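Shared chain: subunit A. Partners: subunit B in the first complex, subunit C in the second.
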Partner chain A sequence: MTNLDPDKIKVILATDCGSTTTKAILIQYVDGEYRQTHRGEAPTTVEKPFADVTMGVVNSVTEIAELAGRRLVGDDGRIISPATDTEGCDIYISTSSAGGGLQMMVAGVIAEMTAASAKRAALGAGSIVMDVIAANDGRRPHDQIQRIRDLRPDMILISGGTDGGTADKVVQISELVAPAKPQPRFGSDYSMPIIYAGNKDARESVSEVFSEGGFDLQIVDNLRPVLERENLGPARDKIHDIFLEHVMAQAPGYDKLMGWTGAPIMPTPGAVGDILQTVARLQDINVVGVDIGGATTDVFSVFDETFNRTVSANLGMSYSISNVCAEATMPNVLRWVPFDMNERELRNHVKNKMIRPTTIPQTREALMFEQAVAREALRLAYKQHKEFATTLKGVQQQRTVGDTFSQQTSGKTIVDNMALDLLVASGGVLSHAPRMHQTAMMLIDAFEPEGVTMLAKDSIFMMPHLGVLSSVHPKAAEQVFDRDCLVYLGTCVCAAGQPKPGKTCFKYELTGDRTASGEIVGGQMELLPLAEGESGTITLSPSRGIDLGEGPGKKVQRSVRGGTVGLILDGRGRPLELPEERAACQSTVQGWLDALDVYAEDKEPMAV
Partner chain B sequence: MKRVLVALLLLACLPVVAHGQTVTLAAPSNVTAQDVPDDVGNQVALKWDLSPEDRADADGGRSVTGYVIYRRVVQTGDGLESGAETPSGSGVMAFADDFDYEANQPVGTVPYSVASFLDENVEGGVSYMYAVAATGPGDTFSTLAVTAMPVVPTMEYINQGKIWFLIIMLLISVVIIYFVFYAKRGGQIKVRPIAGLEAVTEAVGRSTEMGKPVLFVPGILDINDIQTVAGITVLSNVARTAAQYDAELKVPTARSLVMTTARETVEAAYLGEGRPDAYNEDNIYYLTDEQFGYTAGVQGVMVREKPAACFYMGAFYAESLILAETANSIGAIQVAGTAMPSQLPFFVAACDYTLIGEEFFAASAYLSNDPEQLGSLKGQDVGKVIAALLLVLGCLFATLSGIFRDSSTLQNVNGYITNNVLGEDGLVPEWMLAAELDQTQEAEQSAQPAGDGGGN
Partner chain C sequence: MAKAYTPGLLVTRHKKHRIMRRLPIAGDVQVKVGDTVAADDIVAETNLPGDVHPVNLANSMSLPPADVVGCMLKSEGDPIALNEPLAQTKGLFGMFKNTVNSRYEGTVETVSPVTGQVIIRGAPLPVQVRAYMSGTVVDVREHEGCEVEADVAYVQGIFGVGGETQGCIKLACTSHDQELTKDRITDDMEGSIIIGGARMTVDAIRRALEVKAAAIISGGIDDQDLKELLGYDLGVAITGRENLGITVIVTEGFGEISMAERTYEMLKEFEGREASVNGATQIRAGVMRPEIIVPLDAPPAAAAEGKFEEGQLEIGRMLRVIRDPWFGMIGQVSGLPAEPHVLGSGSKARVLEVTFPSGEKAVVPRANVELIEE
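Moving on to the complex of A and B:
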């Protein structure tokens, strides 16, 4: 690893080694700012017959080199660094999710307390949490041991007890893991890494438990030293270290790749989380990001500088599409489709998509159905995220007599749609929708943002690269994120509350690059033109009971930014409710789609 | 001599009772006796017009100082009914002319100016005649004023005065039964989340993570108090959670019977969770019946063992704030539940969560999710809504009738809610009864002239 002066970094090469594709981007310092200039792609070569991840990296970088007219790969097959005027890069960075990414098992004493904190640490570090073992998870010890034995995680994180708290229970958890002797995914001669981040008084006992059996025990600070505070940093750092030293070292070609990079290789989701946290911190905003894939959907959120990530393992658009339809139920999926569909055909379509995950919709109807499924997958994933991203449980409350009739339990979600400033979408169904309007509509329908929220999508899934870059050069990462990574769809203004259909929901007045004024009635959506690069100030006067950010009925003034879609005014109310009756539902949804020009047939081709 | 003879003759002509009491006073009139409605048949109400001499003299003295009431059983076809006061009076339809005021025991006396009497010592189904005589100083009496007709007290199966109570009770019962069956059929009855009960797992979890015990205080009253019973219900839930989490549960009690009940409850909970080995009966123990001795004992446990979670569920008095403040100082999560209004503010201010009154009693249904309990809870809620509606309507009509005094409709409605629905005037409104009475009186007057009260 190199320690470069950020001011001297002018050419940055970044790759993301995915399961199927290795994506490379080139970032250069142009006209006083950092811009992403070129990108390349090549198949990932981590699996046999190649079994060397660097081959795919070199291929993707070579494509960039050809496009940029800049020599990036040397004769020895290595990436050229440092840069000169015509060749090489100042720093090369990479993320990886190849081979299934980082898979972990976590354990804690109480599922909602230390085990939940351990899960947050693991997810925040970019791993997939395979299971959570806790003293109160309802399973008998032999079931727990069998489960641990069946799993093949890359590492295990054990927490439990506050400092000075329970030691017995932590040792009991350790005594479940040790005899189970879980085998790592990679390498038969590889010692299973165990990170212990629990009660410091139990370290000695836990060390004794893992002293035999081929474990590599690493001890870090307690991630819940007191119940009132989480300390996830040390555990996350240790997860990254072990990911590099153990997991990556076992994957084909990664030892070579690690020698090339100027910063530690990060798990892809961890890097996405890092860039979102960096942007939220630098711009002082609340951000939600979503990455919907074929098998899983990742949701990231940063509210008041608190970062959370969830992985919804069974919500996706290809491998998991059947599960989405089962979990959301077909009537809920079909409510977003403004015409009658044959349920038998739909089921065939779903199963076909599941067994042929790379197919894309060929007709307008198939596209609308797939986007309806995406809405439900995103809605369910966001619901799970809200349930996970909560305040800490087990914390003492301070009360006054005024709280007599308004006592709230701890563990409430910190996700507040009204406080959300930026919603970022990525993943095939969102990024590659034929029209940006469709992406915007899917986001609004699934996430139900409230107040004034900016919508954007990750143009070429550049966030992982920028996540690693943010650890080396935060300024460059932010500039590229803002200028090249995100495609701004526009701003949506959504009324919270239940407006009466046909009655005034709110009045608006737009000034700035464009001017407009009018009113939105209950159940209505409207699209105002506000192109990319344009901005303005909108003054909103909500009706009684309608909240646009300052409380029910209170006037709001906000700056709005344009985008490829424009300024969306949503008077449907929150929570969003669709008519129960099928015909009424169809005509209502059709009205919304028409208002936003979502499926304008004559403007752009529908199939891609 | 002649004057003396005339005087003696006049004295001889005066009515004289058997034992020499003088009958000199004017009698009361229009004596009526009526069976008291809506009772079990043990009461007869008497009314009469006062004696003309029932007034104060110029010197402040009184000729009539009270009234005595006599009762006689009337013979029926099968013979005499029981309850005859004197052998001489048995079976006689009317009171004898030579009525012996002393030999006959009166059933009651009332002071002057009182024109009614309630005889509460009669037997249902027996015919009675009543007579009233005025009485004055020096054992002077009036002649007897006798009721015109015998009266037969009867038992009514429905108290008409409480018919609204019956209607509302039946309505609520039907609603409760409906919701019980609704819940049993799988209908969803939503019970709003009670923060204090939701927090049980959190509090026990905190104890587990911190390696400290859970302290449960079931109040200072005995098991016959409903609050203690409700507290034991919550204890069962706390014990189940403690068994799941393998947390240590301590229950100091102030009554021996509460200790026994708590032991059985906790043991059953541990058994139910498959952890009979974790149950330790010594953790549920008796301290003392003395209020502050018990308080001091619990405080000692708190200070020494520093529990991470404290539950106060039951009846509490002055010790509430002492306990809550002590536990607050050791950093414990506290959950309180009581129906003592005077202690609630202290618990709310010092504890993390507080179950208030009804919430405390609803805990059982909330925790068990049993359809019968849930249905009952929902039905009771409907009953409360009905009661609240009546209160609101009552206030509304009382206010309106106060403002619009000329509106007979408002006055009637207000009177009906006050006297009939909330009072004991029965189902039929007063104005309707008055109209019926007027019609009856008019009919009687037109049929025959009014008769006198009788006398002898």
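Moving on to the complex of A and C:
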């Protein structure tokens, strides 16, 4: 970790080494604030024939150096640090997801309790969780052992039991893992790291179980010391340490790269989680972030300072597109498409996209279909996220007489769309949509925000860089996040409840840089102009039974910020329901698309 | 001038092909450098540790876990047969003893005094690795595996299911655009690699299974037919471990699509010859495509130098469009505009102009074409 005084850091160089591309950005202190000034990218060089990640890093940094007119790579091939007026940087930082990122297996005693906490710790650290083994997961012991044998994780996290509770269950789980002799993904001379974060009274017995067989056992504090509290920090820190010392050290060139960085290299998704947490904390807001890729969709949320991350392993737009259609079902995908399509042909199109994942939609119809699939992938990923991001399960509730008729139990989701302030999108289908109106519409249809929510997208997938920066300079990270990382699409005002079609849903009055007033009827959508840099105050008067943030029928006043799309008023109600009859559904959806000018002609398109 | 590259599937009459045959864990390699091997020869073998069976004796004998060790009739490391007594309680005054017989055959690996759980490991599982392709052993890695090399004709498919197999090439269709239907599969195709033309139907595949063909290859398949064959909807393209009894490979894609004429003509030329095929497909990091390998007796007389550089987009190159609205059509590059072009979708992307055999021209994104490599 660097000992630099944050106030003396004026030039920051950051890279994200992805599976295919290494992306570099330069952040400089300009006119009293930190700004991202230049960016460069180059193919990642982890695989043969290069087999040295630093080559891709140097190539991407050289591109920046040429653009910035600032020498960043010295004659010795290393990044120049510290900075002078004309060359080098004060700090160089990096994230990595090359080589498939960090892959873990977790185990716990009860699937909904300690195993869920272990999964949260692993996901929060930026890992892909390959499987969760628990005593009550419904599989027989020998099936569990076979599964452990088949997996090739980078490390295993074991938890179970509260401190002082019975020790035998967690030892029993360890006794399943040890004889399975799981093989690590990299190198046969690599001892499989096992992190034990369970009942402290079982440490000795667990150590005994893993004393033979070539394991590298690391013991940390129990991640669920009592049922009412999680303590994920120590396990998460240990995952990061092992990621650096074992997993990264096996990847070609990383030992060299680690010597260059001024802060530990972080797994890319872990860094994205960190920047969202930093921003939520500094701005005192609730945030949801999504990154939809070809194979997977990551969802991050921070509600009341509680962070959660989920990875939906087979919900993606190319490699996994077929799985999205299978899970969502074709009728659910097609409800977003306002024209007829032949289902048999569509099924073949989907499979052809799966086997040739780099193709792009050439026609508007193909684009609309892909964006329909994206809505379903995002909806399913968010549903999984809501099911995972819950209050702790297994906690005794103290109930009063007033709670007698309340159905609330432990394990309730903490994701509250009405309390959501900012929704951030990233990933090809959202970032590269020809019109940002399409991005906004996909987000609203899939996430169904309620009340007043700001929509934004990560301009060039800069969040990983800023996440690792937030560990050394939170202020610089937040400034760049707000000014350069996010492209604000606008604000959406969405009514919760079931408004009657054609009847007043809510009335609005906008003041500030723009003025407007009127009413939205049930089922209607409207787009008001409110450009980037503009802001205002909106006063909302919902009809009876309609909630816009202060309770059903209660007046709401909020500040709103403009963006490239504008101010979106959504009177469709929540949960969002589409007509079941196909023709009615098509004309309804077409109406919404027209209202928001989603597929307008003759607009300047975006390069892909 | 900058060069533009785009990937393509390899279809060639000759290449020097080398394959690595690797054991999952250390074992014995049974060949040496210079050996000539046939496709089904065993080149390496090993034993995987046996299956693990946990037995909770504390539960079955109703004893505290710590007492289990004292009741064991077998120690750690002892072999145990099926139904052989594993443990016995002390009983009352030497009577009413409760005996637990082993439900598994193997070796007692561990006895836990904490949980009362006994781990029995079954007999080692033998694993044999075959050569898969006839050729010459050119490298041996001790305890790990070997490399086999041969002069081959090689066809890369786009998607397949089922693993490695071998057989004789037999044509079922008379042209590259003829549908492969059930009636084209005959009883004499047992053990062979059936070559079709355009889309193959699920009934044709079922008939091929009936006659015990080794593999069936054609231009396309309907997704609905694949679902029927597998019994489930394939979510991600990671295949090769299906246990269908036949390997299925499509060379072009899903839907009504003909096999590329050149691929069909080449396979026709090799009718009657032995070939090795593998349907395994993995479309993620480390892309793996299905393959058809035909070992040659000798390299053909020096082939003419390829006119084009591998993977490079140039005027005159043959390509296939791999996305609608011209999906599956084969044509020739006739223009490579440098500036990005606005597509019908509204996106801006780099494109090329393609001329189809009919003379019709089309502008398509460079991301939506596949070069036909030779």
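By definition in this document, the second predicted complex is superposed on the first by the 601 of 608 C-alpha atoms of A that agree within 3 Å, B and C clash if a C-alpha of one lies under 4 Å from a C-alpha of the other, contacts with A are read in each partner's own complex, and residues count from 1 in each chain.
Definition applied: contacts are C-beta pairs under 8 Å (C-beta built on N, C-alpha and C of every residue); 3 or more make two chains touch, one makes a residue touch a chain.
Fair warning: this is a prediction, and the values are worked out from it, not measured in the lab.
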item: Partner chain(s) touched by A:L593 [first = subunit B, second = subunit C, both, neither]; value: neither
item: Which of subunit B and subunit C A:V350 touches, first, second, both or neither; value: second
item: First, second, both or neither for A:I568, with subunit B first and subunit C second; value: neither
item: Subunit B versus subunit C as contact partner of A:T363, first or second or both or neither; value: second
item: Partner chain in contact with A:L176 - subunit B first, subunit C second, else both or neither; value: second
item: Partner chain in contact with A:R224 - subunit B first, subunit C second, else both or neither; value: first
item: First, second, both or neither for A:A167, with subunit B first and subunit C second; value: both
item: Touched partner set for A:A125, first subunit B, second subunit C, both or neither; value: neither
item: Per-residue contact with subunit A, leading partner among subunit C and subunit B; value: C
item: Partner chain(s) touched by A:V468 [first = subunit B, second = subunit C, both, neither]; value: neither
item: Common ground on subunit A, meaning residues reached by subunit C in one complex and by subunit B in the other; value: 167-168
item: Subunit A - residues contacting subunit B, complex; value: 109-110, 112-114, 135-136, 138, 160-162, 164-169, 224, 227, 393-394, 396-397, 399-401, 403-405, 407-411
item: Subunit B residues touching subunit A - in the complex, by the definition given at the top; value: 193, 195-196, 198-199, 201-203, 205-206, 208-212, 244-246, 331-333, 344-345, 348-354, 356
item: Residue ranges of subunit C touching subunit A (in the complex, touch as defined); value: 49, 51-54, 65, 109-110, 112, 114-117, 119, 121, 158-159, 222-224, 226, 233-237, 253-255, 281, 283-285, 322-325, 327, 340, 342-349, 364-365, 367-368, 370
item: Subunit A - residues contacting subunit C, complex; value: 19, 99-100, 141-142, 145-146, 167-168, 171-172, 175-176, 178-181, 202, 205, 209, 295, 314, 319-320, 322-323, 326-327, 344-345, 347-364, 366-367, 432, 434-435, 599, 603, 605-608
